[in-house]
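Shared between the two complexes below is chain A, which has chain B as its partner in the first and chain C in the second.
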Partner chain A sequence: MRLKLEKRRAPSLAMLVATPIASVILTMLIGIVVFDLLGINGFEAVVDIFLSPLLYSYKWQDVALKAAPLIIIALGLSMGNRAQVWNIGAEGQYVIGALCCAGVGIAFGQTGGFLVVVLMIAAGIVGGGLWAAVPAWLRTRFNVNEILSSLMLTYISFQVLGYLVGGPWKDPNGRNFPATAPLADSQTLPVWPESTVHLGVLVALILPFVFWVIMARSEFGYQVRVVGSSATAARHGGFDSKRTIWATMIIGGAMAGLAGGLEFAGVLHKMDLGFPSGYGFTAIIVAFLGRLNPFGCLIAGIVLAVTYVGGQMAQTSVHIPNSTAGIFQAMMLFFILASDILVRYRIRLIPSTKAAGV
Partner chain B sequence: MGIDFLIAAIITVVGLSTPILLAGLGELVVEKSGVLNLGVEGMMLVGAISGFAVTVYTFNPWFGVLGAAAGGALASLIFAVLVLQLNSNQVATGLALTIFGTGISSLMGLSFTGRIVMPFASVFPDALAKHEYLRLIFGHSPLVYFALIMVPLTTWFLKSTRAGLILRAVGENDLSAHSIGYSVIKVRYAAIAFGGAMAGIGGCYFSMVITPMWAEKMTAGRGWIALALVVFAGWRTGRLLTGAYFFGILMALELYAKASGFSFLPSQFWAAMPYAMTVVALSFISSRGTAGANAPACLGKPFLPST
Partner chain C sequence: MASPSRLELTGITKRFPGVLANDNVGFSVKTGEIHALLGENGAGKSTLVKMIYGILQPDAGEIRWDGQRISVTNPKAARKLGIGMVFQHFSLFEAMTVLENIALGMDAKIPARDLESRILAVMGQYGLKLEPHRIVSTLSVGERQRIEIVRALLLTPKLLIMDEPTSVLTPQEVEQLFTVLRKLAQEGCSILYISHKLHEIKALCDTATILRGGKLVDTCDPAVETSRSMAEKMIGSSLKDISRVAGRAFGPSKLVVKALSLPADGPFGTALRDISFTVRAGEIFGVAGVAGNGQNALLLALSGEAPNQDPASVTVDGVAVGHLQARARRGHGIGSVPEERNGHAAVPIFTLADNAVLTARDRLGMVRAGLIDAKAARTYAGEVIEAFSVKATGPSALAESLSGGNLQKYIMGREILQKPQVLVVSQPTWGVDAGAAGSIHQALVDLAATGSAIVVISQDLDELLSLCDTMAVINGGRLSPPMVVAEAKIDEIGLLMGGIHGEASHAP
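Right after this comes the complex of A and B.
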């Protein structure tokens, strides 16, 4: 008997749906074993990380708050990945977006209200988009690999953040701590009564539909998919791959900037050195776990948010470090990438010729 | 500016460029075999903590270096299995390796925070290593000499040995190499493991030489600079060395600007400099097209033999 791989004519829909679920379950099972080996109660750790946030209703709003930026960023990234454009600097675009949002807020001083908040969020979108336009320009003009340039820009964005919150934007009443002054109440996002759930969560719920319409129903979405599947086919079809690079990079950056602005105006209300939280990197996992599908991103964003919240819970209950959630997230990505082969190929058991002869 | 200062500055530059030189050499070999492993940063972190941990237990930094190499190579094997056996997307798998390496290294490092290790003993006698001028040549960490020896060794391996020729053939045209009977998968496994070991050793330079302590995410993006360095060098070992020193100078500028209180520009400006210059350098190199011409033809593409 031996295994034979047969290429499927079209990706298997069943596998597209089943493999992400299997990846999450496998991650949990392996997690139990690995943590037991490390001398930590594995079962308890896995239950805490993957289930507890769902079981306790008071944790739901935490999950929603963490899921919102992940979903929003992942939507933008998955569009780029569809076109084989690898923007891995979303973390930087997220930080710059939040800084632009904060800058507008600071410029208006204590003046707030609907228009100011809209302007702040718009500044976030523009800022993130512009930060992502740099790698797009470098790629289309100088042929610079966008993976490296977008990542280098992320490290630069951290320094921009450090400079602004430690210098010109430092809160004069902040005991010399590098942070901006908290936003005036009139400049923050509206919040659902008696909760911490802000308007951005609603945005994260609506955007997947918008992206689905763009990807599945518009000519632009078609172009993105064609460019991604084959550059030559795209050229024959008259599609300009440079335009696709520009568009997907900027949309990815704009989404990350939007997420940054929402996080700043909705949750944190001030900028400090702790602002970069890794959402921009985790969103890459969300995009893949969601199979680059807008609704997939929605669900995957919630799953990853659960592991974030659960990771924090497990920190206090089973005393495992915060980084553990990151290991689980990476494991999920490993499994989902490994299972890609099941989507594209059919595995056949073939009786060996010798055995057949006897 | 005295001669003393100049010597100290050169020693700093050489030191700072060593980890990216080590990791860059490893990645160069990986890419020459046709594989793009973006997990360098993750493998460096795994190397940093494994090297540190082994040194803590064995009291011997040389065992630590071996441990770092083993740790980096083990981490790279996860990537190798996924990419070579399951044909997974190399870009995404490399990223996953970096995320994984970051997480696993901080978990492993928990019980090692705050501890320090014995530094390397000098390779040369104190009369040379601590001499006012001669320390310029003899006063470096043993890992610096190791990295410098690895440059011509890697060049020799790739250019003049049979194994190196096969490795390059696999990277240029995997299907032809396969049809004349070379095992593409085996060659790439070996290349990836070598890349992992080198990244691991580069990583342990942070935890065992620069600051003999472990700290989370201590490689601070140098793994990515090493990746950029390979492109910058146009996949040539000689230029990789030049590039590493170029980045070493940029990184040293940050240290000196901070120390001397160069206040006309904020310290963040200098800290951002190596990353910004990486982008600028990549633009120059990539736009000329000569670097691309030297890139292995199969770089980043999955190996799909028809049978």
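Right after this comes the complex of A and C.
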């Protein structure tokens, strides 16, 4: 008996949907085994990380708050990935977006209101987009790999953050901690009554529909898909690959910047050194787990948010470190990438043939 | 004859998901026989030889070698038996020498010096001219093929499989190849010769086995058959001639190319040098030439995928378009079909409807307010499938699920039904079976009759001679003066094709 990979005549839709689900389930099973081997109650840990946040309604708003930035960033990244543009620096664009948003807020002092908040969020979008324009320029002008340049820019963005919150923007009444002064109430995002759920969650629920229309129905989405499949065919069809790289890179950055602005104006209300939370990196997992599909990103964003919240819960219930959630997230990415091949290939068992020879 | 056949196939069956590629095929090849394997695209020729060469395994049936039943598990085992193969697409490293390329392809490690002397011996024996220390990228296609042949001959094969070997050669190179093959056969080597060029089979082969739809149709003597009778067996119906109005008058100049030059694209590309020609309304203009002489660059320069500094280098109906990109040129009525189907003319993982959007979206109004009218795309794809009898499950079939010939029909149809003012096509019938080639030719003739100007770039001289009104030869990026096809001499065209490589002057 031996295994053989055989190309399918058409990509399997069933596998496209089944492999992400299987990846999550496999991650849970492996998690149980590994934790049991470590002498920790694996079943309880996995239940806490993957199920408890869904079972207790008071955790739902935590899940929603964490899912919103993941979904928004992942939408932008998956559009880039469709065009074979690999933006790894969403975390940096997220930070710069939040800083631009904060900058506008600081510039307006105590003045707030609808227009100011809109301006702040718009500044976040523009800032994230511009930060992503740097790798786009390097790629189209000098053929610099955007994976490296966007990632390196992330570390630069952390330095920018450190400089601003520790220097010019430091809260004069903040006991010398490197942090900005909290936003005036009139500059924060509207919040659902009796909760912490802000307007950004609604944005994260609407955007997948917008992205779906763009990717599946619009000429621009078509252009992105053609450029991603074959640059030569794109040129034949009259599409400009460089312009597509620019556009998708900037849209990816703009979405990360939007998420950063919403997180700042909706949740944290001040910038400090703890602002980079890894959403920009986790969103890469969301994009792949969601199969680069806008609605897939919506669901995958919720799944990953659950593991964040569940990780915190498991900290108190089974006493495992919060970072365990990161291991589970990485395992999911591993399984989804490994099972990708099943979409286009099928595995066949070949009974061993008779001894070959002359 | 008492001695068993060199190769005997019985009941060979091979099934792929959704297709029966070979259905109970059987024939035999005698020692020293040149045996043709004939068939349309998708008839199962490639599958069959891949099983003989050990790349694929048959699902049923048996292969006998010198009377012994064998199972060829892989190409290495095939070579050990004495089966050599020369593929249609060469596997050579352009940046390495002939010698290095041959050494890389050998199963056994042989010291470079010994290998070189053996190569020289083989070349001397068969009159194959090749300089072992030349870099492959500097060689003509004919010379490259010789590397592959030498590679196969070094193993002193008892059976040599040649897959469409002449599709890239000049007439003179074809003659040289035939001399080598005849000599090999005289020495007892059997040759399995895959081709769809019937006059070559008549000139070279002792026996011809014809496949259609995976089934054996006939094994016949090509000396007795006519080209037409073999073609009809191949396509399973009677062949239609191209019908055209005799003595047509051409309209005014439609496509004018003036002093078009373009630098080479990369180290192995060909630069275009000072190309000028005019195509009138209703005229079909042919560009002959051996592969790699600038055909690809010419197509890109005309389609707008490689735009030019000088707007006046290309004009359509008097409008200068030389500086415009592909999309804008389509707006001025230039359609094009590049040689490579997958990943250039079409996106393999897209549906046929989505592929219709690629080039037809502007001319047929498939985009409204930035959104694609999916229904219009599906309708148009359906029309193309219908009009060009493309074998596909429908507009939502993936391009990659179609056979090469069917995808080519679809792509040609996608451009022709847009009724372009100027249509530039490269290798319009490459890998397309005789029946489909006929319908593509007819469609081009019909399009010309409506007043379009057509440029056909092809390596198939027969195709150009039967299709075109006027033709020129491209060599080293330069285009010869045009000649009227009715008055052209094939020897002269062959010499122009050989051009700077000096192939034609070599004695065979």
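What we mean here is this: the second predicted complex is superposed on the first by the 354 of 358 C-alpha atoms of A that agree within 3 Å, B and C clash if a C-alpha of one lies under 4 Å from a C-alpha of the other, contacts with A are read in each partner's own complex, and residues count from 1 in each chain.
Quick note on the criterion: a contact is a pair of C-beta atoms (placed from the backbone, for glycine too) under 8 Å apart; a residue touches a chain by one contact, two chains touch by 3 or more.
Just so we're clear, the structure is a prediction, and the values are computed from it rather than from any experiment.
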Fit or clash between chain C and chain B when superposed on chain A: fit
Which of chain B and chain C A:Gln110 touches, first, second, both or neither: neither
Partner chain in contact with A:Tyr222 - chain B first, chain C second, else both or neither: second
Touching partner for A:Ser57 - first (chain B), second (chain C), both, neither: neither
Which superposed partner A:Glu6 touches (first chain B, second chain C, both, neither): second
Contacts of A:Thr316 with chain B and chain C, given as first, second, both or neither: neither
Touched partner set for A:Met152, first chain B, second chain C, both or neither: first
Partner chain(s) touched by A:Asn173 [first = chain B, second = chain C, both, neither]: neither
Touched partner set for A:Arg235, first chain B, second chain C, both or neither: second
Per-residue contact with chain A, leading partner among chain C and chain B: B
Lowest inter-chain C-alpha distance for chain C and chain B in the superposed arrangement, angstrom: 6
Complex contact set, residues of chain C against chain A: 17-18, 57, 65, 68, 70-71, 73, 77, 81, 303-305, 325-328, 330, 336, 338, 340, 343-350, 354, 357-359, 361, 367, 370-372, 374, 398, 401
Of chain A, residues touching chain C in the complex: 6, 8-11, 213, 217-220, 222, 225-226, 229-230, 232-233, 235-240, 353-354, 356-358
Residues of chain A touching chain B in the complex: 38, 86, 88, 138, 141-145, 147-149, 151-153, 155-156, 159-160, 162-163, 166-167, 281, 284-285, 288, 320-321, 323-327, 329-331, 333-334, 337-338, 340-341
Chain B - residues contacting chain A, complex: 38, 78, 82, 86-89, 91-93, 95-97, 99-100, 102-104, 106-107, 110, 216, 221, 224, 227-228, 231, 266, 268-269, 271-272, 275-276, 278-279, 282-284, 286-287, 289, 292
